[in-house]
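Would you mind keeping the following structure in view while I ask a few things?
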Amino acid sequence: MRILFINPVGHSNWDGVVEEYLEEAKNDNTQVDVVSLEKGPHHLEYHYYEALIGQELLNTIKAAERNGYDAAIIGCFYDPFLHEAREICQEMVITAPAESSMQIAAVLGNYFSIMVGRKKWIPKMERNVMEYGFGERLSSFRSLDMGVLDFHADEDFTRQRMIEEAKAAVEEDGAESIILGCTVQSGFYKELQDIIDVPVIDVVLASFKHAEYLVDLRNRFGWGTSKVGGYEGPPCREIKDWHLEEQFAMKGLWKE
Amino acid sequence: MRILFINPVGHSNWDGVVEEYLEEAKNDNTQVDVVSLEKGPHHLEYHYYEALIGQELLNTIKAAERNGYDAAIIGCFYDPFLHEAREICQEMVITAPAESSMQIAAVLGNYFSIMVGRKKWIPKMERNVMEYGFGERLSSFRSLDMGVLDFHADEDFTRQRMIEEAKAAVEEDGAESIILGCTVQSGFYKELQDIIDVPVIDVVLASFKHAEYLVDLRNRFGWGTSKVGGYEGPPCREIKDWHLEEQFAMKGLWKE
Amino acid sequence: MRILFINPVGHSNWDGVVEEYLEEAKNDNTQVDVVSLEKGPHHLEYHYYEALIGQELLNTIKAAERNGYDAAIIGCFYDPFLHEAREICQEMVITAPAESSMQIAAVLGNYFSIMVGRKKWIPKMERNVMEYGFGERLSSFRSLDMGVLDFHADEDFTRQRMIEEAKAAVEEDGAESIILGCTVQSGFYKELQDIIDVPVIDVVLASFKHAEYLVDLRNRFGWGTSKVGGYEGPPCREIKDWHLEEQFAMKGLWKE
Amino acid sequence: MRILFINPVGHSNWDGVVEEYLEEAKNDNTQVDVVSLEKGPHHLEYHYYEALIGQELLNTIKAAERNGYDAAIIGCFYDPFLHEAREICQEMVITAPAESSMQIAAVLGNYFSIMVGRKKWIPKMERNVMEYGFGERLSSFRSLDMGVLDFHADEDFTRQRMIEEAKAAVEEDGAESIILGCTVQSGFYKELQDIIDVPVIDVVLASFKHAEYLVDLRNRFGWGTSKVGGYEGPPCREIKDWHLEEQFAMKGLWKE
Amino acid sequence: MRILFINPVGHSNWDGVVEEYLEEAKNDNTQVDVVSLEKGPHHLEYHYYEALIGQELLNTIKAAERNGYDAAIIGCFYDPFLHEAREICQEMVITAPAESSMQIAAVLGNYFSIMVGRKKWIPKMERNVMEYGFGERLSSFRSLDMGVLDFHADEDFTRQRMIEEAKAAVEEDGAESIILGCTVQSGFYKELQDIIDVPVIDVVLASFKHAEYLVDLRNRFGWGTSKVGGYEGPPCREIKDWHLEEQFAMKGLWKE
Amino acid sequence: MRILFINPVGHSNWDGVVEEYLEEAKNDNTQVDVVSLEKGPHHLEYHYYEALIGQELLNTIKAAERNGYDAAIIGCFYDPFLHEAREICQEMVITAPAESSMQIAAVLGNYFSIMVGRKKWIPKMERNVMEYGFGERLSSFRSLDMGVLDFHADEDFTRQRMIEEAKAAVEEDGAESIILGCTVQSGFYKELQDIIDVPVIDVVLASFKHAEYLVDLRNRFGWGTSKVGGYEGPPCREIKDWHLEEQFAMKGLWKE
């Protein structure tokens, strides 16, 4: 199967690292590609930044489906445009880090904590927690008080902060597992897991393996995204008639 | 005060009607403008369509703030990009139809029903109902089984369907008021209200008057959007450094 | 429009202050009156006190409607008899501080904290938070550990306590705005807002402007309290036949 | 133990019937009295009517405590002034029909339906269901479309309607027991229970036996109403100083 | 009436103490027996231990019904097999400590805290709190960090820890009453209650008196467990045909 | 990897069918075994039946871990003893049909319906829906009014009933996918899916593939069941000291 991991930012700095990471994590019969966007902000901490990349992200996803990919992963823990992506794909599987990692955490233990970079992120992430149904499983958000671009600036410092907050999450808040609430926190989970002795979910890996899992379910049993109801997709005819292809750079993506 | 109502679609067919409608509804000291987008789909029934208009919608909003508007209204009952719009504005008030109308309905009666065009709309709208806190107030969604562009094709038919569903909402579901869950259902509320004898909320009017109200609160008491936490806005420096202005057609919108 | 603000206590000490306060806050075409009750406790911290003033409060409200008022405000953050008041009025708008201020706070930010006088108040107020639908928006209650009658005894001390607790609400609890949970905390919001730099809602002002807003909606669009369902009012005939007019000092209030 | 059942209405028509009913239901060592109010509406279908009887109801309760009663029952399924009554009593147990019967129903089966007289009653009763914690246990409200004063006008008709609705509640809504949601529906439960073959809760009996039970717990183990927090009572000194005794006809009720 | 209290553990060390305790607490016409199991773990802190005792516990309960008992109490605060026990009994009342004590606490005050032995217990107990409907009433769990078998090893130490945590629950968490969340915490409530001055619920007593109460309701009014829906019992024929009697040591328990 | 599917019933009639089914569904490197219990009821519709099989089920699971299995699946849609099984295993993955299938359905669409055999099953299953966090995703339960042993008695009839109810779930209740809420409904999903045109989840397959997925996550990333908190397992020493091995036929299962 072919899977596309999208770093929905306007630089390709993380693509190589993520690709290596996923190459190691993939099944034998999986082919993985990692792309980022042609333009856009360097991180998505602000919701405006998310909105800006919506068009290119979704067209990248639609193009991936057209190009035969089996799944696409939206590589940001806000899960931006997850519903929209499911709506526009007929066959392709879509996953995103928050949904994927919370489903795993809910199986591994009773309560989990989410480690965020900054408190700014919490309201949107908590809305996602509620929407995904895990409100009663969330023991706490723990903030590192670091921005996305700081995580790999001084990795020792980051690691130290993560250990402090993860310990507090377990001992004070009752967490039974920890979700690292940003794709750029990737790389730290294993060491942290050894020290804290509870599962620490790397959300890049979680969303990637979840994608492989769902593609397998789709291929074997036909369990793909339901196209009845909320994920019913837009009609080609409207897209053509309204010249959306030209307006939104999606030439060739929509065919009957 | 100056208020901008945005029809977030790629045609201006509705602008005149809405402007007349709001001219009649406005306070004396309010100046109202109605705009639509330069490009985009003709309605927003699909979430993909919403995503496509995000960039232009938000830049229109940011420009409006820069141009001295006091409020902008996002004219679609999905409330697309409401949080994002609040995030990027320093002073300007943002409202949107679903939030505004549910707050009113929650005061006028104990339970309300929302009249949608098609069942497709329900999942996203129900997520909004839950997020806004009115899950226990929602008596039902009632679907007209009509698309946005059908509402004014045969107004007698539309009116007839609305009467049927509104009556059922009151008599069978326990609704004490009705929300017309689409800005394009505008124009029907008064007649319907007379027939059904419960308040029928026109969401164009609701979001517009809510905007006037919130601007007044801001001007008098300084109660504007909190810029601490989830609505903390992105730093100008990032936007400049990353060349987002050029990439996303927002030249001149972001200044320190 | 004519609006009546009711201090539902048995002294008129606050009437002058509130009236001045509202005179400054009102729209040009609003006429505001402030009254208190002929008898009753000096504050409503205890629910028994609320119950005692029910009859006179509601009859004052019914009389106000009969006398042509457009709205009445129940001036206590417990929102006593809010549902009852809506039930007995045919046309008049009713608002109350908790409902009005939470609706505003829910728009200004994602989470709010409520500053109470004493912990005793919390259970009833939390029931209201839940009922109004804002349970997931409440970041905390913060108690000043002061009674209603202490707030203006030593205003410097009160101010100091408010600053301490508001800061903690923002920094520790994640509040994005603060609601001053008592009408007698009026007067402090502006200074506090400047210091804390998040919106601080004065609930006297909130309920008053909300009333103006709702009257305007009613006058323009006919969106008044739904008289179908929970707010269906009692029949005049019963009130006459059972001699309630004589028994409960409501002579002349109920006419077919 | 001595228990007072209060029909909180301004006539004594039901007192005899209820007294007989309770005499049969009481424990040997229980002495039961039934009283109604000196003035007031003949039923409490409207929330205004509830408010009117608040003062006399609560003073009757306070007097009962002073006169050595062990418990008082507020005989209306809206549970009016339940929190207030618990607040003013130091020792006396207070029960009310909705709380008592839902606690029983939640033990007897997984889901229960509440049979109301008119749809008007539902919003307030549903608020109580939510507050008491039984929202997920409620299978439905079923309305007889009859007023309180109609229940015993044509008992055959009432019985027939009850059977219809109870059957539908069990077969269509999944109810495992039925709560007769009005004290004046008393007398029908046994017959209905035999026909429908699920428990049918008479709320007069439920609240009465619950009172006996709680008095026993209080006497044996000291488990009385907590006077710390929400049920902390008002200080005598305030009541005296503010002349509430004279104003609200409570002479002699409040002593240090 | 005859009531059986079951210590669902494989030793009889606690039977004598509990029996004395209940003898003092029982009504005159109640005959109480206390039994433990023939085999099994010495406490039920682990859910596996609960599972192990399921068969003998339920057969003991079924035998008790057959032997004419009116009620059986499952003596563990996890309430193990409560639903199962209600399912297999036709007439006999079943109670369990968590359900019984939370219903009482919900009446005595607005919020309660549960004192557990170890944090390990919390997830399952919180699931019960949610299921029973008291999620909004729970102020906190407080852990003594002691195992079941430690409570009576050094009673002074236990008492000291209970006082510390109960005080913190009241002062910091807002608890208005305390539930001692283990049957083996029995014996401490009275002293604790005197010191903390809020009700402290002993769950052995709570479940026992609740049983007496429910038997009385069943005897007087026929309000027994609903046998329609979730508590519909298994058919005798299946049990016979499948030789469950021999397989699970329940000879003679199931007869048409 | 080695996976054990357990039919937790006292006959092996279904083992062959399930094994064939899973052989076809498994990954290349998976070895699957299907077992049933030595004794026990023939289906688990009654909760008592579940309780009876607890000991053998859990010991089978513990033995499987000891014998090197990577995962065990509890083959009943009530998910009996899921928490207990996770508690006793150190390394082995445990899945169960309801949890596994709801996680999948929540990704494939916004709302799902669960098709049950009899209404009797609903209360326990709804408790699971709530506990797993999918209460807002559940569109309905639909009952076939057939027992577990009837599903394959007349497959044409069963198929017809399933089509009827699935269609109603989609068209009337808003379901976007269907979960076949019993492992014995296996075999029907594909045909049904073709006819109804929404995903139809076979819960045998769902729980099996979920197990493969979780084993892979465990092996690659160390994300196994958290042994801190609710799933902390019992100490070997207690099991030995209390002679549980002899009492509960678990010889050799528990070693330090």
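Residue numbering begins at 1 within each chain, and the chains themselves are lettered A, B, C, D, E and F in the order written.
Rule of thumb we're sticking to: a residue touches a chain if its C-beta (ideal position, glycine included) is under 8 Å from a C-beta of that chain, and two chains touch if they have at least 3 such contacts.
Here the structure is a predicted model, which is why all the values come from computation and not from measurement.
Number of steps on the shortest path from chain A to chain D, with steps defined by chain touch: 2. Of all the chains, the one whose CA centre sits at the greatest distance from that of chain E is B.
Matching residue numbers shows that A-F is the pair in A-F, A-C or A-B whose interface repeats D-E, with more than half of the contact pairs in common. Centre-to-centre, using mean CA coordinates, chain B is 45 Å away from chain D. Chain C and chain F have centres, each the mean of its CA atoms, that are 53 Å apart.
Residue numbers of chain F whose C-beta contacts span two or more other chains: 110-111, 119, 122-123, 130, 136, 174, 176, 229-230. Chain pairs that touch one another: A-B, A-C, A-E, A-F, B-C, B-D, B-F, C-D, C-E, D-E, D-F, E-F. Against chain F, in their complex, chain D makes its touches with residues 110-111, 136, 174, 176.
Chain A contributes residues 10, 39-42, 45-52, 54-55, 58, 81, 83-84, 87-88, 119-120, 122-124, 127, 130-131, 229-230, 232-234, 238-239, 242-244, 247-248 to its touches with chain B in the complex. Across the complex, chain A meets chain F through its residues 25, 95, 99, 103-104, 106-111, 132-137, 170, 174-177, 189-190, 193, 197-199, 201-202, 205-206, 209, 213-214, 216-217, 220-231. Only residues 119, 122-123, 126, 130, 135 of chain A touch chain C when the two sit together in their complex.
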